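Below is one structure; the comments refer to it alone.
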Amino acid sequence: MTKTGKINVAILGATGSVGQKFIQLLEGHPYFQVTEVAASDRSAGKKYSEAVNWFMTTPIPKDVANLTVKACAPGLESKLLFSALDANVAGEIEEEFAKKGYFVVSNSKNHRMDKDVPLLIPEVNPDHLELVKCQKFGGGAIVTNPNCSTIGLVLALKPLADNFGLDTVNVVTMQALSGAGYPGVSSLDSIDNVIPFIGGEEAKLETEPLKILGQLKNGFIEDTNIKISAQTNRVAVLDGHTESVQVNLKTKPTKEEIIEVWKNFKSEPQALDLPFAPINPIYYFHEDKYPQPRLHRNLDKGMATSVGRLRDCNIFDYKFTVLSHNTVRGAAGGAILCAELMKAKGYLD
Amino acid sequence: MTKTGKINVAILGATGSVGQKFIQLLEGHPYFQVTEVAASDRSAGKKYSEAVNWFMTTPIPKDVANLTVKACAPGLESKLLFSALDANVAGEIEEEFAKKGYFVVSNSKNHRMDKDVPLLIPEVNPDHLELVKCQKFGGGAIVTNPNCSTIGLVLALKPLADNFGLDTVNVVTMQALSGAGYPGVSSLDSIDNVIPFIGGEEAKLETEPLKILGQLKNGFIEDTNIKISAQTNRVAVLDGHTESVQVNLKTKPTKEEIIEVWKNFKSEPQALDLPFAPINPIYYFHEDKYPQPRLHRNLDKGMATSVGRLRDCNIFDYKFTVLSHNTVRGAAGGAILCAELMKAKGYLD
Amino acid sequence: MTKTGKINVAILGATGSVGQKFIQLLEGHPYFQVTEVAASDRSAGKKYSEAVNWFMTTPIPKDVANLTVKACAPGLESKLLFSALDANVAGEIEEEFAKKGYFVVSNSKNHRMDKDVPLLIPEVNPDHLELVKCQKFGGGAIVTNPNCSTIGLVLALKPLADNFGLDTVNVVTMQALSGAGYPGVSSLDSIDNVIPFIGGEEAKLETEPLKILGQLKNGFIEDTNIKISAQTNRVAVLDGHTESVQVNLKTKPTKEEIIEVWKNFKSEPQALDLPFAPINPIYYFHEDKYPQPRLHRNLDKGMATSVGRLRDCNIFDYKFTVLSHNTVRGAAGGAILCAELMKAKGYLD
Amino acid sequence: MTKTGKINVAILGATGSVGQKFIQLLEGHPYFQVTEVAASDRSAGKKYSEAVNWFMTTPIPKDVANLTVKACAPGLESKLLFSALDANVAGEIEEEFAKKGYFVVSNSKNHRMDKDVPLLIPEVNPDHLELVKCQKFGGGAIVTNPNCSTIGLVLALKPLADNFGLDTVNVVTMQALSGAGYPGVSSLDSIDNVIPFIGGEEAKLETEPLKILGQLKNGFIEDTNIKISAQTNRVAVLDGHTESVQVNLKTKPTKEEIIEVWKNFKSEPQALDLPFAPINPIYYFHEDKYPQPRLHRNLDKGMATSVGRLRDCNIFDYKFTVLSHNTVRGAAGGAILCAELMKAKGYLD
C-alpha cells in the first residue's frame, strides 16, 4: 500500500512497447501505482527516462520517469507485478516471482496454456480466476492475458456461445503493426504492403479460445468443443486488429437477435464497476463501412470491442467484422482489467 | 490496320485510371496500336495530354499524348474498343457500339453476367469466347473481363477444379486502393486504416466465378455448382489484391499434388504465345511470408498470380494466400489478353 | 445563454471536416454550447447525424447528433458563430451575418487580410482584437483564425521577435493531409509520396505573419517588416504540420537564450486561464529526433506548439523544427481560443 | 573477363539492401557480370539465395542465386568490386582490397572525403577520376559515390554553377525510408509521421558538394567556395528523396534561362553513351504539383533527376524542388555509372 492507499505495482519489461503502455495506462489509476520498473541488465541501474526509448503519444508520467530501473529478479517491493517480458525470458522469470509469493499478471504467452493458470478475459471467464487456488506457488500466483488477436474475437463470440451455442469459428485477421513490438516490422515491409504471415499467431487463435470459453470443473478447465480456423495477416495499421469472422451456431438466431445479445452483453467487470471496464464491452455498428481501426480502436478508452457488418453467409450461418485495440484491450489494458478483477474479488489481499 | 500492320484500337473512358492503364500497357504492343481515345463530353475535343490527369509512373506515350479526345459514340474509326467506362454509363454505350459492329472488350461490370457475353479469363475459359457467336449485334461483339478480385482467385482455383473437383470456396480479401479508381479512396480513410466494406464487391466474387468456371453447352453457360462466400476489405496498399482463401475439394489431394498442378498450369494463352500471357500463370512461393503485394504484384509484367502458404485447415481441406495485380491482370492487362486471344483465334478478322 | 449558463453557439459548415472538429472539441466546453448546426442546402433540414459523414475518432456528441441542420443564413438564434465554411462561400455569408449583429469567429481565409479584421493568435496578438471596434457592422463582428501552417510558425517566432528582433524567416513545410479537408487528397497521391505543392499556401505563409506580428496603431495594423520565404509540401501524415525553419535575428542570442525564451513564453490566454489555453504554448525538445507529428501533435490537448533541433546554420543565424496540430491549434481549437479570449475580455456581452 | 567478354565483378556487402540493389541492377548489364558475392562471416559459405533476405521487387537473378557467398577479404577473383559495405567496416576492408590491386567502387561514406579519392558523379566531375592516379595503392584504386541526398542536388546545381555561378544553397530534404537500409526505420516511426533528423546527413550535404563541384588542380581538389545549409527529414516514402532547394547565383538569370540550361544539360556519360547514363540527366516539370517521388523516381531507369516548381524567392534568387531515386541514382545505379565511366576511359584495363 502506498501512502495514497493505492497498491504498489512493478512493471517487468518496463522499457519495451507493452511495458510503456502499462506505464501510460496506469497513470492516475485509482487502485494501482507504479512504484517500480524492472528491465534487462542493460537498463538496470539507469534512470527510467534515460533507459527507455519512450514512444507513447503522451509524456512519461513524472513519478515514473525518475524511478531507477531494477533487475527482473525477486527483491522487488511491490507484490503485484505486470509482466511485459519477452517470451524468451518470461517463462522462468515469472515462475520464479510466483514462487516467491508475487502476484504476476502477465501479457506473455509462456504460461497461458498451463493447466493451473487462468487465461483471463474478465468479461468472459471471470470464474477461471479460481484456478489460481490450484497453483502450487505457495501464496504467489500467475494470471495471464490472452493473445491480442484472441481477445477481441472471444469478446464478440462470448454472447453467441452463451445464447445460441457456438460450433465453428473461421477468422481472417488484418493485424496492426504495434502487435509486433518495437522496432518490430520494418517500414520497408509495411508501407504499401500486406504480410500474410505472423509467426505462431494462427496456432494461438486456434487454441486459446478453446480454453477461455471452456468450463472450470473440479479445478480444471475443460476446453470447449468448437472448431476454429485462423489466417493471420499484417497490414499497414498502427493500432487495432480487424478480423473477418464467420460462425456456425448450434441454434441459428436472426440477425436482430444476435445484435441484441451483443448490445446487451455486460459481465462481472461492469457489475463491479471496475475502472478499466468499458461501459459496453461490445459496440455494434449498423453502417456498412464500420468498424474501422483508425476511427474506433479507442472507443471507451480502447477497451470496447467493435463489431459490424453482420450478414448472411453462403457457407457459415453468419459473417461479421470485429475490431479491437491490440495494445490496450489486447495487451496492457486487458491485463490491468484482470488485476482490477483480482483486487475486487479479494485475490490481492 | 495501321501502316505498321497493327490493329487500330480506341480506348473508351481514356482519361480515367483504367483508361490510363490501357494506354500505358499498350505502348509498343505487337498487335494493337492506340489511335483513338474517347472520353466524356467534358474532355472531348481537347488534346489528350491536356484532358488527362495522368498519374501512371511512366510518361504518356508520345503518339497518344497528341491525340484529340473524341466522344464515346459510334463514329470511331477503330473497330476494336477497350472499354474503361464508368459502370453508370458503360452499359448503354458498349451496347450501342456493338450494335454498330464494333468489338468491345470491356472492363466494366455491366454486361458481365449477360447470358451471351463471355466473362473471360483466357487461361481459364478460352472456349467461352464462342458465346460471341450467339450475340445478336450483327457483327459487333461484347467480351468482358471479370472483376479485379475475381481474376486472381479463379486463376488459382482453376487447376484445383480441373484436377480435384472444387466444392466450396471461402475468401477474405485485402484489396488495393487503386481498385477504387481515382481519386477513389480519401487518404484520410486509408492511411493507418482498414475499410471492411467495398460496395458490390462481395456479390461479384460470389457469382462471377460460377460463370467463369461453368461449362459452355449448346450456346449457354451452365454455372458450376460450388458454394462461395466472400468478405472484402480495403487496405493501405496501392496495387495488388491479397486474398486469404479456403477450399473444399471433391477429392482431397496432398499439398505436394496441389503445388504440382499450380506449377504446371499452362493454358491456351501460353500455347498461343500471346504477348501478355505470363510464362506461368501461377507462381507458388514456399516462403511463409510470401506472397506480398509490394514485392510480387509485378511478377511477369503483373500478369502472373502469386500463391503461397498452402496449409491444412481445421474447417476446410486447405487454406492458402493468393495475390494478383488488380489493375494489370485484374483490369487493363487482363482485357488486353482477352483481345489477344480474340485476335489469335480469328475473332477480330 | 443556455439554461446551463453557457453561451449558445452555432457552427457554420457543420458537416465538413473543420465543422466536425469544432463540434468534437466543443463537447463539454465550459463557456460554449453547440445548439445550432448550419450547412449547405443539401444538408439543411436533415438530422445532423444523418447529414454528416462523421469521421472524428470519438462519437458524435449526443445533443448535437439530434439537431436539425439549418441553412447558413441569418435567422440563427445563437449570436456567436464558428465558421468552418468553404472559402468559396465564406466571404459573403460571414459578412451578411456580421451585418445582422452576429459575432463570427472564422477559420476561413476570406476576411483574414481585411484591414479591420483581427487575424488572431491569442498568445501572439491579443491586442489586435480591438480592431473589432473599427468594424462597420453595427454590433456584429468578424474575427479570423490564421492559416493552419501559419499558427505554429508564428507561435514559435513570437518570443524571438519580442526578445531578439526578427529579421528574416525561411520555412519549408511538411503538411498533414487533414489540412486539405475531406475527402481532400486521394490515397493514390499520398501513400509512398510527397506532393511539393499546396495551392495558395505559400502566399499565406509569406503574408499572414506580417499582419499578426504587426503593431496596432490608431486603429490600423502596421505590418511588421520582415522577409519571409515559404515552400510548402504535402506528406503522408494524417494530422500535424512539421516545419523546417531558419531565422535571422536583429541581435543574435545564444542557443540557450532562445530555448529559455521559448520555455518561459506565456501570454494573455495563460494569464486569463482560458479553457483551451495550453499551459505552455511552446514545448522545446532536446532530443535530436523530436518533435514528430505522431508523437507530439496532441501535446496539451493539441494546443501546444512543439519545437526542437535548434542549431547553428551556415546561412541564417539559426535553424530549428516546429510542429503544430493543424486541425486543433491550426483550425478549430485555435478559433475556440479566440472566442474564449473574446468572452474573457467582454467582447461577447 | 568472362566467357561472354564481360568484366567479372564482385559485390561486397551483397546481402544488404544496397548489395541487393547492385545485383538487381547489374542483371544483364552489357559490361559487367556479377560472378562473386561477398558478405559478413555470418553469411560466408552459404548459397546466396539462402543467405539473403531478398526484398527487391524482381526475383534474384538465377546465376547469382546459386553463387556461394565469400568472405570480404582479398582472394576474390574479380578485379572490380562494388562495395555496399556498412560504414563501420567499409573503411579498412576497402583499403585492404585497394592495396592488393583491386578497383573498389564504393557507396560507403568512409573514403569519400579522402584527398586522393574521387567523389564522383559522372555527369558533374568526370575529370576527378584522374585523382585515382595519385592514389598510393600500387595499381588498385578506390572511387566513391556521394551520399544519396547529395547526388540529385548536385546534378541540379551543376548547370547553374557552370552557367551562372553558384553562391549559396539552402536545402531541406524529405528523404525516403530505403535510405536507412533494411530493416532501417521501424514502421511505428514512419507511418503517419515525419522524423526531423537523420544522423550525419546534414553534414554530408553541407560538405560533399563542395568537393564534387571543386576543381582538380595539380592532383588536388580545391573545394568550391559556396555556402550550403541543409535540414534533413525522413518521410513515409519508400524510394525517392525530395528536396526543397533555394539558391543565390553570381549572375541572376531569368527563369527561362535556368530551365533552358537544365533541359540542355548533357555530359560525358551521355557523350560516351554509357549504359546507365540517362538520356537527359535533368528532367524539368512545368506542372506545379510535380515532381513527386512515386510518379517520377523511376524516370529513365531511376537515373534521371527531376526538377520542378522553379519560382522567385523573397530571400534567395530562386527556389525549386528536386527529386532523385536514392537507391538507384543515389546509390547502386550511381556507382555502376562510375564504373562504366572508368571502363570507357580505360581505368579498368
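The first chain written gets the first letter, and so on, giving A, B, C and D; residue counts start at 1 in each chain.
Following the convention adopted for this analysis, contacts are C-beta pairs under 8 Å (C-beta built on N, C-alpha and C of every residue); 3 or more make two chains touch, one makes a residue touch a chain.
It should be emphasised that the depicted structure is a prediction, and the values quoted were computed from it without experimental measurement.
Participant: If you tally the C-beta contacts, which comes out ahead, A-D or A-C?
Facilitator: A-D
Participant: What chain lies farthest away from subunit B once each centre is taken as the mean of the Cα atoms?
Facilitator: C
Participant: Centroid from C-alpha atoms only, then distance subunit A to subunit D, rounded to Å. What do you get?
Facilitator: Once rounded, the distance between the two centres reads 47 Å.
Participant: Counting in whole Å, what is the centre-to-centre distance of subunit A and subunit C, each centre being its mean C-alpha position?
Facilitator: Inter-chain centre distance comes to 39 Å.
Participant: If a residue has to touch 2 or more other chains to count, which residues of subunit C qualify?
Facilitator: In subunit C, 55, 189, 191-192, 236, 238, 294-295 touch at least two other chains.
Participant: Considering the complex alone, what residue numbers of subunit D touch subunit C?
Facilitator: Where subunit D meets subunit C, its residues are 168, 170, 172, 174, 189, 191-197, 199, 206, 227-229, 231, 233, 235-238, 242, 244, 246, 288-295, 308-309, 313-316, 319, 321.
Participant: If we count contacts the way the header does, which residues on subunit A are in touch with subunit D in the complex?
Facilitator: Those in contact with subunit D are residues 17, 55, 177-178, 182-192, 236, 238.
Participant: For subunit C, which residues are in contact with subunit A within the complex?
Facilitator: 55-59, 191-192, 238, 294-296, 298-299
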